[in-house]
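Worksheet: the structure to be examined is printed underneath.
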Amino acid sequence: MSPMLNIQSLTFHRDQLPILEQLQFSLETAEVVLIQGHNGSGKTTLMKLLCGLLPRQEDFVVSMHGQPFDPNQTRDRALFHYLGHQNGLKLELTCLENLRFYQQFSGSQSGQSCQQVLEQVGLDGYQFSPASQLSAGQKKRLALARLLLTSRTLWLLDEPYSNLDLDGIALVDQLLRHQISTGGSVIMTSHGSFVPDVLPHRIIRLNHGRIEGVAQ
Amino acid sequence: MSSPLIAAMTALFNRDMRLGIRNRGELASPLLFLVLIASLFPLSIGRDPALLQQIAPGVIWVSALLASTLSLGQVFSRDYDDGTLEQLLLSPQPLAALVLAKVAAHWVTTGLLITLASPLLALGYQLPADIIPVVMISLLMGTPVLSFIGAIGVALTVGLGRGGMFLTLMVLPLTVPVLIFASSMIAAAMGGQPIEGHLLMLAAILVLSLTLAPFVIATALKIGMS
Amino acid sequence: MNRLMRWIHIKGSPENYYRLAGRLIPWFAIPGLLLLVTGIVYGLVFAPPDYQQGDAYRIIFIHVPSAWMSLFIYLGMSVAAAIALIWRIKVAELTAMACAPIGAVFTALTLLTGSLWGKPMWGTYWEWDARMTSELILLFIYLAIMGLYQAIEDRRKAARAASLLVLVGLVNIPIIHYSVQWWSTLHQGVTVLDRKMDPSMLWPLLIVAVATKLIFATNLLQRTRLLLISTESRKRWVREMAKTETPS
């Protein structure tokens, strides 16, 4: 069986400097892959390239279940959920309004209500608070709550653990377990050597745009 | 058109409207700007009613142009900063349609308000009452074009962190046709001449920008975000 | 189609383009300069004076070809910009960006000579004449394109954004032109210049018109080469060239 996501000879330059060079890896169904590396190792570039926020400069192949995967196609954009460094929240709106907007905007189909999702990320009681009143960690939780509103098979999470306390880290782990239990897969990044308890299944170490090593 | 698309566009429009209402101060500033600019002219030129009437179409339109353009910086730059612009680009819906919803929300919170406030200016410049509808129609048809052209400029400079002057320099030359047709329409009406020709030209420009601008803005955003 | 695209990509590769442009430059530069000198001397010295304007009219030998160039270059820039956006060809991006300053200079020259000519013709340096006003707005558009290209740090992104602005301007220019004409007929009589021209006046005009195109081509190739080596300065072909070739 072909893997969930297969990436071959992925290369990216910025102002002639190589940011990513000939990356090659794959992601299986119900697998969590952690991309680890220092600041400037190319993690965010890789994520943005995968989700189509950066243009492809050279020909490389990304395929999903053997089919070509191109985030520039609207059809393929419905397959994944990307969470970047910014939380994508409107601070003037309340938690509930932020989620309701996203639910309607993304045409979400996970079957969970905004209220339920808020409870799952530990923000019950905050539904009518403006997002501006939340702490950095709580904002991150609200951003993570969006993952539960849609049921996308691929999650691309850039630094999901940043700003989170121990409870928050446990929450991310719980979300990841939920995702793989439904047959979804995750690529996420983390700087430094921090490795969450149970997950991930594989760690890819990125250094100056090259894969330095893979740990199971 | 599919219904998820309509739902996404509605959600975006409603959210931006809601944000506009939450920031009432920002909602009011283009209007205050408009009135302020327009009241600088009598102060600097004099209060001769004949002179004021003669310069009124130009003054009203130049003020509207500046008020609309200067308020544009917010359309995408804030979304860029908080990451909601990424959501737009990653949505499975066509970006041009989403852009259309955003520009529509911007227009309602600036252009439409300017249009509604314009009778005040017309009265201040002692225009006859039967000219006021013409002023309003010219703004109603012209300000959406300003929003579209301005949004192109904002999209091209998104993430640069330089709005204001640079944006204005880039956008204003492109708005010359609207300025000419709209202000000469008011002048024509004041001179008792027919205004159909001007009206049709404005309509043509509006249709052109309505059909082309969303795609241009979408392309510009994709370039700007990369 | 595929073979054509491959051919374009090989021939249009920065390295090949750089060398080809270098070889072509003399073929444009030498005839261009010769024609320019011929046309200007012919126009300024040997062409007969105008029966109404005397010698003042002679500025048209610079003014009119510059005005033609200001639009011609915009069209050329638009073609390059469209190719750049559709096929993402780097050489096309840089060609479009190299066009903008040359076009701006010709537009500024048109305005300058037009205003100098306006003094004896209209008695004023600036008249809100439809053509002059259109040229003024065209100059602003050129400057906006150059400004945008400078403002964005990433060179490729800058070129693509500015190329898009070029195309937006292209759609706008006819509308601006038409609206300005409409406006000027409302406010004043149309300036009449379309008299029949004596061949002895027409010839130098045409010679200068051809000369300006050749000089534009020369300048364009030079500027594109310059942009190429500066944006590819880390590529191997530039490094090797820098080692083997002495700068000329």
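Should a chain be cited, it is by its letter among A, B and C, assigned in written order, with residues numbered from 1 in that chain.
Simple rule for what comes next: contacts are C-beta pairs under 8 Å (C-beta built on N, C-alpha and C of every residue); 3 or more make two chains touch, one makes a residue touch a chain.
None of these values were measured; they are calculated from a predicted model.
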A-C against A-B, pair bridged by the larger set of C-beta contacts: A-B
From subunit B, the most remote chain by mean C-alpha position: A
Innermost chain, where centres are averages of C-alpha coordinates: B
Computed distance of Cα centres, subunit C from subunit B, in Å: 32
Where subunit A and subunit C are represented by their mean Cα positions, the distance between them in whole Å: 48
Averaged-CA centre spacing for the pair subunit B and subunit A, given as whole angstrom: 37
Set of subunit B residues in contact with two or more other chains: 226
Residues of subunit C touching at least two other chains: 154
Subunit A residues within the subunit B interface of the complex: 51-55, 71, 74-75, 77-78, 82, 84-93, 97, 101-102, 104-107
Residues of subunit B that touch subunit C when the two form their complex: 152, 156-157, 160, 162, 166, 169-170, 172-174, 176-177, 180-181, 184, 187, 201, 205, 208, 212, 216, 219-220, 223-224, 226
Residue ranges of subunit C in contact with subunit B within the complex: 85, 137, 140-141, 143-144, 147-148, 151-152, 154, 157, 160-161, 164-165, 167-169, 171-172, 175-176, 178-180, 182-183, 186
Partner subunit A, residues of subunit B touching it in the complex: 4, 7-8, 10-12, 14-15, 18-19, 22-23, 81-84, 86-87, 89-94, 222, 225-226
Residues of subunit C that touch subunit A when the two form their complex: 154-155, 231-235
